[in-house]
Amino acid sequence: MEGLFSQVAALGSSGVLLCGLILLWRRGVGAYITAFTWQSAVLAALTAAVGYFGADRQLYVVAVLLFLIKAVAIPRLLRRVAQRFTAGREPAAYVNTGTSLVVSGLLVLLAYAAARPLEAISDMPTRAGMPLAMGLLFVSLFVIISRRMAITQVIGFLMLENAIALLAVLATYGVPLIVEVGVFLDVLMGFLVMQIFLYDIHDTFSTTDVDVLKRLKH
Amino acid sequence: MADTLILAGLLAPWAVAAACAAALRHRQRLAARVTAAGSVVSLGAAMWLWANALGGRAATAGPGALFRVDGLSALVGVCVAAVAGLAMLPWPGTGQGDADPGRTRFFRIFASLFTLSMLVAVTINNVALMWVAIEATTIVSAVLIPLHRSKASVEASWKYILIGSVGIALAFAGTVLAYFDFVSLLGRRHDALNWTLLMEVAPALHADVLRLAFVFLLVGYGTKAGLAPMHTWLPDAHSEAPAPLSAMMSGVLLAVAQYAIIRWKAVVDAASGPAFTNQVLMALGLVSIAVGALSLVRQRSYKRLLAYSSVEHSGLICLGLTFGPAGVFASLLHLVNHAVAKSMSFLLAGRILARYRSADVGAVTGLVRTMPVTGPLFATGIIALMGLPPFGMFVSEFLLFRAGFAAGQIAATSAAMLLAGIGFIGLAGHLARMLHGARPDGVAAGEREWWPLAPLAVSLVVMVALGLFLPSGIAQLLGQVAEAFTP
Amino acid sequence: MFDMAGIVVEVAQALLALALAPALVGFIRWMKARLQNRRGAPIWQPYAELRKLFRKDMVVSRHASWIFRVAPYVILGSTIVVSLLVPVLVTPLPFNAVADLFAVVYLLLLGTVFLALAGLDPGSAFGGMGSSREMTVAAISEPAIALAILSLALAAGSTNLGEIAARTIARPSSALSPGHILAFVALFIVMLAETGRLPVDNPATHLELTMIHEAMILEYSGPYLAMVEWASWLKLFVFLTLAGNLFVPWGLATSLTPAALAIAFAATVAKLVVLAAAVAVLETRVAKLRLFRVPELLAVSFVLGLLAVASSFSLR
């Protein structure tokens, strides 16, 4: 049973990370939103699985919240924004696709190195997925830095939150429920504010390419 | 029971103020008075908590000691309540000068919520809930930055929310890692994330995991504290926000982030010794001082000048934390002094902006003659920030450098002194240009209504008092906190 | 040293591979036709093509050198040697000592290099273009395939094909481990690139400017063309067999009894049919990538291989 639990956890974490990598490969905001939706869905399923195997009912609640907020509500809002603002294709990012993919591979290796102390002290069956969660964390940071469209940066930030949620689920079977609820509220509020700002940027600059945000220099 | 009441007195007035401003749509004067009264109540409660902590007791309230106010909490809490009270008075730039009630109401609601979340962050005992409160501060303050919609303010608010949220998310990653360390040792407990429990079990926690966690935490909370190289949002946000918001952000939001760093440093030091955290803090502190001071020289906008000065002082505070108990004492004193001086400077900068209608240093000349009350007050604020006597920051910087030399960190302290000197020159040059010279055309001269500045006299008095002598209440509290937070 | 039965089985395996490869390609073509609502040529059509080509005369360019004549033999020969090493029916093979995964990959690369040279040799423009494109794809897919192999080797502790298969049979749950699955996906993507299938290269195209593999063999005719085509079909067979029998090795015969061999035959055919169907469906669904996008696809494969290595390494 424990073998199956470990396998499921490792598979789920790989799935979550791979959805993140799609952000670096495909171009087009629709593909990004789909990747994020799938990632959140896999994460919710994994949370429910950890709740089942780890006999922790609170995780079911967390999984349902995760699914509703991050796989249903937020993608819907994102698609509405994307429809209004973008022509579909992302302008050339600051780092090209091939290099981005190779860099992300190296970042995952870095995550494996950084997560070595974590794996050493943990005896949870889910510990194999922790380096993958950290890998997704680094890859999301890279996406935020290297992309030019504001909406892609927002999606990168949402993936960063997913990575941390995954780390929490794998490392400690989730944080206490009240904290989870607080985190969800914060993420939702943060996203709503970012969405407002996307509208603001578009109204003020007639584009959402963050390259134009360079009036304020030094 | 008394504790609960006092804590309610600290937090509730801001919730009430927000609710009032929201509900009393057309009677903003009444809302203003409610806010002012509430801020006095809150400040009083904070002072009571200070006195309580002086007695060596920590006030607790809520189920399972959800709120716990010890010396450090009381210190930062008083700063927050005082600066917030000052900032909520009718200053220009928040719609009150130009009689825009909608804007005023919007500002009042969110600024009250902002203060509430900052106070919750410093008084709550749970690490993760503190994180939730700090993230809430990011969101609430981001909404207020583009109060006056313009290309620059939209850009500033975008950078703020993106970089701020990313930083805060990394801080949460660090929190999760620390929780993981705890859980792997002691299993999952519902109070695992309380500071008190963490400090107790810290020596038994795994050093390398906590070190990794500290890196994330420092990058995360350091982003909010304005440490370089994560500071890129700060000059934009603080210069484009309305002046009272900048006063609050520069003065006390940075202090709240520093509070989080200090608490976590104590936990990690108890587990793995101070060497690692000192190294990392020293590196980031020196880089921040360098970036802040060197950028001061070439600034064109006086609000950005103040913002970069915040970066420099934030770096100084972090550097001081690495110099042992004397350094922590100096850092905390510096934190208080900076809150007072920076908030006053920003509020005055708001008035100057309203009069001169330009944020450019070159466009503001003849300040002394044009605004005979604001001008000299602004000058004292800048002189205080430069670290000159008889103001408090001179004392705290002196103590900081002395602690550095005493701790044997000759190179770092000398570098910091040199960089602070460069910052001094930058500020002095700009100030001189602003104060003297001819009044530009189109700018009204003289100040008939200078009584809104009366509350700032309190700030001035505090700055001088802290510079000439250190009241025993303050010194004792700082000493207690310094001792408690260094192993 | 080598027992007779073993050698007989080895040679039989190679002959079987040679015999079945055209059927495999015929099946893929038939399936694509059916998916596109056409009736399609029967599955044994490639055999008819081979017979036709072997009977025809050859026309060789005046500018061609000995490379042009030698290349088909080298290509077909190296691919047949590879089919001797790959576990089609039996594991461990009598030639197991040299059945190393790196050896397999680089023998196939030998064929690729000679094909590229043969494309350049006659001096035609399209041949040169095909060769340069082929070398670009091969150069970028080398690291990807090396990583995919490395991850398998790390999980099994050796690059020997027999060992890898045996290790996976011994621990069935490792077949679902992330390292395994990622390596499979990485290998599948590289296989598409190396064997010239969509989305990297369209094997049924007639437009010279879109060709990679076909352009290199434009100058070949008659028996030489038959040999080169057969070699490329055999390469596809070998790759699919590797993908099937390394990652899902159940069904391989571990002893030389007729029953085990029959089961192995059925199992291998089943796996090949499934994989070939997957290739056919994929080819029908995707469009050919523009050439400068192929490195991005292979970079994805590279990253998946890197992830597979990291995961196998940490789960050792």
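The chains carry the letters A, B and C, assigned in the order they are written, with residues numbered from 1 in each.
By our rule, a contact is a pair of C-beta atoms (placed from the backbone, for glycine too) under 8 Å apart; a residue touches a chain by one contact, two chains touch by 3 or more.
Predicted model only: the values in this text are computed from it and were never measured.
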Practice task
Using the contact definition from the top, classify how the chains connect: line, ring, star, complete or other.
Solution key: line
Exercise for the section: Select the chain at the greatest separation from subunit A, using centres from the mean of Cα atoms. Expected result: C
Handout entry: Chain whose Cα mean lies nearest the overall Cα mean
Key = A
Problem - Centroid spacing, where centroids are CA-atom means, of subunit A and subunit B in whole angstrom - result: 31
Handout entry: Where subunit A and subunit C are represented by their mean Cα positions, the distance between them in whole Å
Key = 37
Practice task
Provide the C-alpha centroid distance between subunit B and subunit C, rounded to the nearest whole angstrom.
Solution key: 65
Fill in the blank from the handout: Per the touch rule, the subunit C residues reaching subunit A in their complex are 173, 176-178, 181-182, 295-296, 299-300, 302-304, 306-307, 310-311, 313-315
Problem - Touching residues (chain side subunit A, partner subunit B) in the complex - result: 114, 117-118, 121-124, 137, 141, 144, 150, 153-154, 157, 160-161, 163-164, 167-168, 171-173, 175-176, 178-179, 182-183, 185-186, 189-190, 193-194, 196-197, 200-201, 204-205, 210, 213-216, 218
Handout entry: subunit B - residues contacting subunit A, complex
Key = 126, 128-129, 132, 135-136, 138-139, 142-143, 146, 149-152, 154-159, 161-162, 165-166, 169, 172-173, 176-177, 179-181, 183-184, 188, 190, 192-193, 206, 208-209, 212, 235-236, 239-240, 295, 298-299
Handout entry: Complex interface listing, subunit A residues touching subunit C
Key = 3-4, 7, 10-11, 13-14, 17-18, 21, 25, 97-98, 101-102, 104-106, 108-109, 112, 119, 128, 131-132, 135
